[in-house]
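I'd like to ask some things about the structure below.
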Amino acid sequence: MYRHVKDLQFEARPAHPDAHFAMKIQELVGGQFGEMSVMMQYLFQGWNCRIPGKYKDMILDIGTEEIGHVEMLSTMIARLLEGAPSEVTADAAAANPALAAILGGMNPQHSIISGGGALPTNSQGIPWNAGYIVASGNLLTDFRSNVHAEAQSRLQTSRIYNMTDDPGVKAMLKFNLARDTFHQQQWLRGIEQLVADGLADVIEDSHAEEEDADQARTYWTLHEGSAGPQGSWAQGRTPVTDQEVLVHGDTPESTDDGTPPPPDPSLYATYDGSLGTPETGQPSATQSVMSKVKKALD
Amino acid sequence: MYRHVKDLQFEARPAHPDAHFAMKIQELVGGQFGEMSVMMQYLFQGWNCRIPGKYKDMILDIGTEEIGHVEMLSTMIARLLEGAPSEVTADAAAANPALAAILGGMNPQHSIISGGGALPTNSQGIPWNAGYIVASGNLLTDFRSNVHAEAQSRLQTSRIYNMTDDPGVKAMLKFNLARDTFHQQQWLRGIEQLVADGLADVIEDSHAEEEDADQARTYWTLHEGSAGPQGSWAQGRTPVTDQEVLVHGDTPESTDDGTPPPPDPSLYATYDGSLGTPETGQPSATQSVMSKVKKALD
Amino acid sequence: MYRHVKDLQFEARPAHPDAHFAMKIQELVGGQFGEMSVMMQYLFQGWNCRIPGKYKDMILDIGTEEIGHVEMLSTMIARLLEGAPSEVTADAAAANPALAAILGGMNPQHSIISGGGALPTNSQGIPWNAGYIVASGNLLTDFRSNVHAEAQSRLQTSRIYNMTDDPGVKAMLKFNLARDTFHQQQWLRGIEQLVADGLADVIEDSHAEEEDADQARTYWTLHEGSAGPQGSWAQGRTPVTDQEVLVHGDTPESTDDGTPPPPDPSLYATYDGSLGTPETGQPSATQSVMSKVKKALD
Amino acid sequence: MYRHVKDLQFEARPAHPDAHFAMKIQELVGGQFGEMSVMMQYLFQGWNCRIPGKYKDMILDIGTEEIGHVEMLSTMIARLLEGAPSEVTADAAAANPALAAILGGMNPQHSIISGGGALPTNSQGIPWNAGYIVASGNLLTDFRSNVHAEAQSRLQTSRIYNMTDDPGVKAMLKFNLARDTFHQQQWLRGIEQLVADGLADVIEDSHAEEEDADQARTYWTLHEGSAGPQGSWAQGRTPVTDQEVLVHGDTPESTDDGTPPPPDPSLYATYDGSLGTPETGQPSATQSVMSKVKKALD
Amino acid sequence: MYRHVKDLQFEARPAHPDAHFAMKIQELVGGQFGEMSVMMQYLFQGWNCRIPGKYKDMILDIGTEEIGHVEMLSTMIARLLEGAPSEVTADAAAANPALAAILGGMNPQHSIISGGGALPTNSQGIPWNAGYIVASGNLLTDFRSNVHAEAQSRLQTSRIYNMTDDPGVKAMLKFNLARDTFHQQQWLRGIEQLVADGLADVIEDSHAEEEDADQARTYWTLHEGSAGPQGSWAQGRTPVTDQEVLVHGDTPESTDDGTPPPPDPSLYATYDGSLGTPETGQPSATQSVMSKVKKALD
Amino acid sequence: MYRHVKDLQFEARPAHPDAHFAMKIQELVGGQFGEMSVMMQYLFQGWNCRIPGKYKDMILDIGTEEIGHVEMLSTMIARLLEGAPSEVTADAAAANPALAAILGGMNPQHSIISGGGALPTNSQGIPWNAGYIVASGNLLTDFRSNVHAEAQSRLQTSRIYNMTDDPGVKAMLKFNLARDTFHQQQWLRGIEQLVADGLADVIEDSHAEEEDADQARTYWTLHEGSAGPQGSWAQGRTPVTDQEVLVHGDTPESTDDGTPPPPDPSLYATYDGSLGTPETGQPSATQSVMSKVKKALD
């Protein structure tokens, strides 16, 4: 269950309104790596976490913090939009090219849809969607996702920081940059903790004996004159399995030319008969199902 | 520019058709972490890479390989669908509950849309979209994304591997598991190479002096009785800035209650006047723009 | 800012696992009217609310409660999936048609993506998106949206309630049905409060004098023999403007046949010249802009 | 079946072209509450309506009218785009900042995609999608959706009305405002008619005896110092069930901490064993299914 | 403006309900090539058509007909869902594997969302979206799109026709197949009419003199041993420009290795300096804009 | 399997950066008819093609070429963005209206997301999605799709060509225009080859005897005074079946008013009993399934 606390985690007070910047900073609300993404990603990871105690609580501490980050940014956007020239008409703009430029660069939905408030969308007006997030149940894998999300978020925040001179906006972004830095470290150290607690092997070792050992140490070059093998990644021994890295040219492992089977005629795939007559009627899998069902019921 | 090589990188020959498994394995084609994602992610990263030589070539070597992985999986799906009972009717199903169960679990678009071939969608029929991918121009950040994508992909492949007994399918998945393992290592070692080449600092250090130093080392607890601070992540010194980690309770940093400003009346936001009279007409930003324009033109 | 409380608002303990029902109940998590929608809708409405005090606090009280509803449903889904037969293979299914039917009706992403946990998607696997929600800044309009969201949510919950016999699931759904009932009343009474506080007129009266008075009281019949005018909605006086309702046949108000203007030739729209020569070059709007700019700068 | 009538319901003749305004008014064509939404929403509701006569006919009368509203707006947009400076090049813009501002604020797809015509998208270029609409089969619930859709649509139209001075555009928008007003009343009076006809109880009373009676009258406060309970919504008796409203602090009803069950090992969820050994193999639900099947077949 | 006619264009009466088939036939309502697509595609093409008379009227005749096709299919789906076992519970399914199979293959949203009616979605539950349609303003190009849409639609209808034995369903599909056939011919003959009327050249000849003449007649082979050049398409003379077709191996036309320019440092793209120092500050385009503006204003 | 060749197929060197044009040309990368669409469409068609030899190889030759077209356009965009004024702040823009206009018309994601590189999106920032593409398994139908895709692509390229004066950009677009011309011819001649090889009939003749013969030759007029029947398309004989074309007024073929059946009460559809008592409990289809299952097992 959740509770609200009335004050923002950090103040969100721009020195001046700036409707263009309001449009840009929407990327940090509803973009692929905006605060809605990390909020929903960590909440779902926390709810799905099957280890009561420090892991589940840490994930939910950070996820709960991120709800408040969406709140901070939403407040900032409403304030950046104060007095935005949204209902300026063509005649007014005609007399004022600078005003026309501001209007042209505004997000029209900041007026038409939200009435001067934040939108749950990115800087191009695309609604946030849950296809951005990851919650797999495996913490090692998910902490890697979290590292990447914080890294992308910090990179985008760094770029946006360079797009404003407003001291109030910069003050809040300094806070956000710092939280991105701290959280990035949290997830990196979370990975170390998983290793220390013996909880990393479950996926690192999954099917370790079954995977194709040679392919797990082979660099394939697929360019004429590729400089790729000059990197350290294609030299020495693999970190996990401690095997010599191989460099492989572009000859395939197989002699399979990938032709699909002859088609079912009632699906009208174009076919010239060159692969023989397709099997139709009941598929062999079904036939074997049925014979087993019958046997089981005899 | 690209070229095609007729044979698959590895053969894709199931021992038996299996329409249900064809539906599931679509997740590895067109899902969030399917092969279409890594293919497009690495190609865009490679095309946008501004360092000719080993980095650009390595990224494109792997991106080019992934095109072939979509090809392998597409072939596998067409073969798994051979003889699928797609045009079985209600009467036929009525006489055969096992057949009805197979029909019920098939993806109907494997018949109606693709005529027995692979679809550019995930296991639930959702078309792949480019909102899944990342190509930021910053290699450190992007290599972290690549590590996470390979990790999620290998986890999903491991789960799907457990859902089949077919030796032909398993043979191909052993190859895929191994490539996921190898590529995960590539990106991890790529990060080491960036550090060795002095190319990691550009983002790690961005605005390092400006970000809020205390917030870069503070763990916020937002639960009653959170066990989160018991993890090693909330103890000792921060790895990057070498500061003692602080634990902070839930008192906000601010006394800002986040109320948006008085609204522009012509947007009809509900308002009771309690925050004073809104500024309307031309926004101050525009006013200052205009006065500067006028000055510049005088 | 937000805080987490460890216990769920209400327990989420199914008597038995049921993977099919887990698939269906996803509609209440990530569907158009699922808990993610009301959570995000009320949070954005609350953050954008410009009246400190009872309105803003009520909206955020309910929005904060809804975060916990997503949490309850997510927990329920993880428990419904306990021991789900996700890695049953074709051979095992062949021997067991009932098992095959369960497999066929499961959401494969409950295994492949979330590892036995809830997904941020609806019952068909479509990720939640913010295009579902509404936060316009006008409370009267938004409370109407909230009434409708709670009504649709209660209808869907009522339908799903009939799809299970599990006493643990039913206990939680009785709680959810009741909250939907209560919240629906809240928003209806919120509308009464807005009226009582004189805050409803702002939009009800917007442009009241300008809108076309006759069209504001006219029922158009667009069927031969439509029984539509027999309803009370097409009789008596309009509730707001107290005018006699008119019934209008299907003759348009206009003699405008809607033909678009002659096209710009450089856009290659197909055109036979019958509407005369298109204006091209600089549009008149721009020309007038420019002449005004020049005048202003003279 | 449908028929077309050549003239528009109301004329759509702007006094002057205005490419910026064409971009904004797309919100009323293909936005969440644009005319495409109400058109498709009412058509699907009408087609799915199971009461021949006044209800079905009224819904289809309005749905059919809305097709013509999309037509009117599309015509308006094509005319607003007449002579738009779409193929102005960088050099020409360089000589003319006002022209550059107009170009910068245009929707580039108005030239590249539609050749000067309307697009089936919103003001940010996002294609309309059917996830916006509602047709549940329950008329009371759907009429509430219709009230909200007309209310949001009228609000957006009111805002857009303030963004233009063009008398031809304003004339058409006066018509649209009036139809939104009238239709809003239609749906409100449709709700009264459903009540009068005894058709509202089916959903209002669904599971009335089963829902948790206390929760149906309880306001939960989830803020420190929330002013929410000061509203009339948290006082007196509930309108439907005529019970005293209770105010409840933030103590959960449950002592369920929401931990998911021990995971299936073959899904690789991270787990430390603290919840005991997971059940695996065939789920109990399946086991009971199978035993019943066998019994039934014996 | 539009009108409704009470009877369906053709009857939609299945002999028996069939919930599985209702799920499949949704593809023809809300799929990429479903009736919603052709309806919206032709309506937008008609509204945007700039030639009053036979072209505009024909497009709108067919577009208006397609509204009625969505209506027919929606009715069919509601009837196919009559008595669907949507609220069967786990216990009931346990006693009845055939019933379990039907349930597993149903679309759960047919019960939860639409209450037994049609949905505006495809067979996998994905809402229809306007990204499927085309209305470019150029009739030749759009008629080619229409031919392809009718062809894909007829193919899908043919496949679905094979999936049912129901005489009532088949009767309606015979009607639909015939309309697809007829409309396909309409668009093909519409292209002939455009040619006859001299309206095709506008796009066929656009930039004819400017396009690279050699590339307009060259087949590039990008496989080792490609059999592609054996087709008639790579032999003889080009139909339009009457030039000999050339076959070109895989050597690029260029010596451009595609390296992007040195990056702006404030965007933190990874860069080693090997391409020289990036230009920053004001871009040259802006500089030239500014100098021209200044000159114009002097 | 695929290989990369270092040089671009054609050079992509703009004479000058132009951030506005970079925004527009994104339509050719990630729009509905951008190069990502034809690339993925032809690759999936090629992988799913069941005729080894000239067809499969031709499709893959062109699909492989299109990968390189995305590469060329991505390079062009990075170069057009060189030195774009992305981090210009409000103060700087205030002093410079021309700069403000450029900023206003830029895609902010070109800075925030991609760091000066191309995005996998269209000109409005919408991510590419696989719902744009077609690969049905039937080559005749798919080649028609390919003709339409190349035609729309060439139309959009022609329009964009008119929006720039940059000789480097125009040089590349001349190449692209030519390839669109050539590929359009390829697919048209591919259709001729399918006819010549006897591979077209499979779909042209599907259900030829079953489709409703009269409807396959009837033009329906659905306007008062429609000029549609004046076109050659509504006169003479049908090209395929050689029948006289009929013109049909707007009387439906049926007397079916499309009323859905009485609803299942547990789904709460609004119903007044006028259609009789709904069937509930187990649907007849299931009953007949069960009786057959029981018989089969007896």
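Order of writing sets the chain letters: A, B, C, D, E and F. Residues in each chain are counted from 1.
One rule holds in what follows: contacts are C-beta pairs under 8 Å (C-beta built on N, C-alpha and C of every residue); 3 or more make two chains touch, one makes a residue touch a chain.
For clarity, every value in this text was computed on a predicted model and none was experimentally measured.
Enquirer: Go through the assembly and pull out the chains touching subunit A as well as subunit F.
Expert: Output, common partners of subunit A and subunit F: B, C, D, E.
Enquirer: How many steps does it take, at the fewest, to get from subunit A to subunit E if each step moves to a chain that touches the one before?
Expert: 1
Enquirer: Roughly how many whole angstrom separate the Cα centroids of subunit C and subunit F?
Expert: So the centroids are 28 Å from each other.
Enquirer: Please compute the C-alpha centroid of subunit A, do the same for subunit B, then give the distance between them in whole Å.
Expert: Computed value for the inter-centroid distance: 4 Å.
Enquirer: What are the residues of subunit D that contact at least two other chains?
Expert: 1-9, 16, 18, 32, 47-48, 53, 55, 60-61, 64-65, 71, 75, 78, 86-87, 90, 93-94, 96-98, 100-102, 104-105, 111, 113, 115-117, 121, 124-127, 129, 131, 136-138, 140, 155, 158-159, 162, 203, 206, 222-223, 226, 250, 252, 257-261, 263, 266-269, 285, 289, 293, 297, in rising order.
Enquirer: Using the touch definition up top, name the residues of subunit C that touch subunit A in the complex.
Expert: By the definition above, subunit C touches subunit A via 1-5, 7-9, 30, 36, 40, 43-44, 47-48, 60-61, 64-65, 67-68, 70-71, 74-75, 78, 90, 93-97, 100, 113-118, 120-121, 127-131, 133, 135-138, 285, 288-289, 292-293, 296.
Enquirer: State the interface residues of subunit B toward subunit D in the complex, per the touch definition above.
Expert: Touching subunit D: residues 155, 158-159, 162, 266-268 of subunit B.
Enquirer: Subunit A touches which residues of subunit D in the complex?
Expert: Going through subunit D, the ones touching subunit A are 16, 18, 20-21, 23-24, 27, 31-32, 97-98, 100-102, 104-106, 122-126, 155-156, 159-160, 162-166, 222-226, 250, 252, 257-263, 265, 267-272, 274-275, 297.
Enquirer: Any idea which subunit A residues touch subunit D in the complex?
Expert: Against subunit D, the touching part of subunit A is residues 1-6, 47-53, 55-56, 86-91, 93-94, 97, 100-101, 103-105, 107-109, 111-113, 115, 121, 124-127, 136-140, 194, 197, 199, 202-203, 206, 297.
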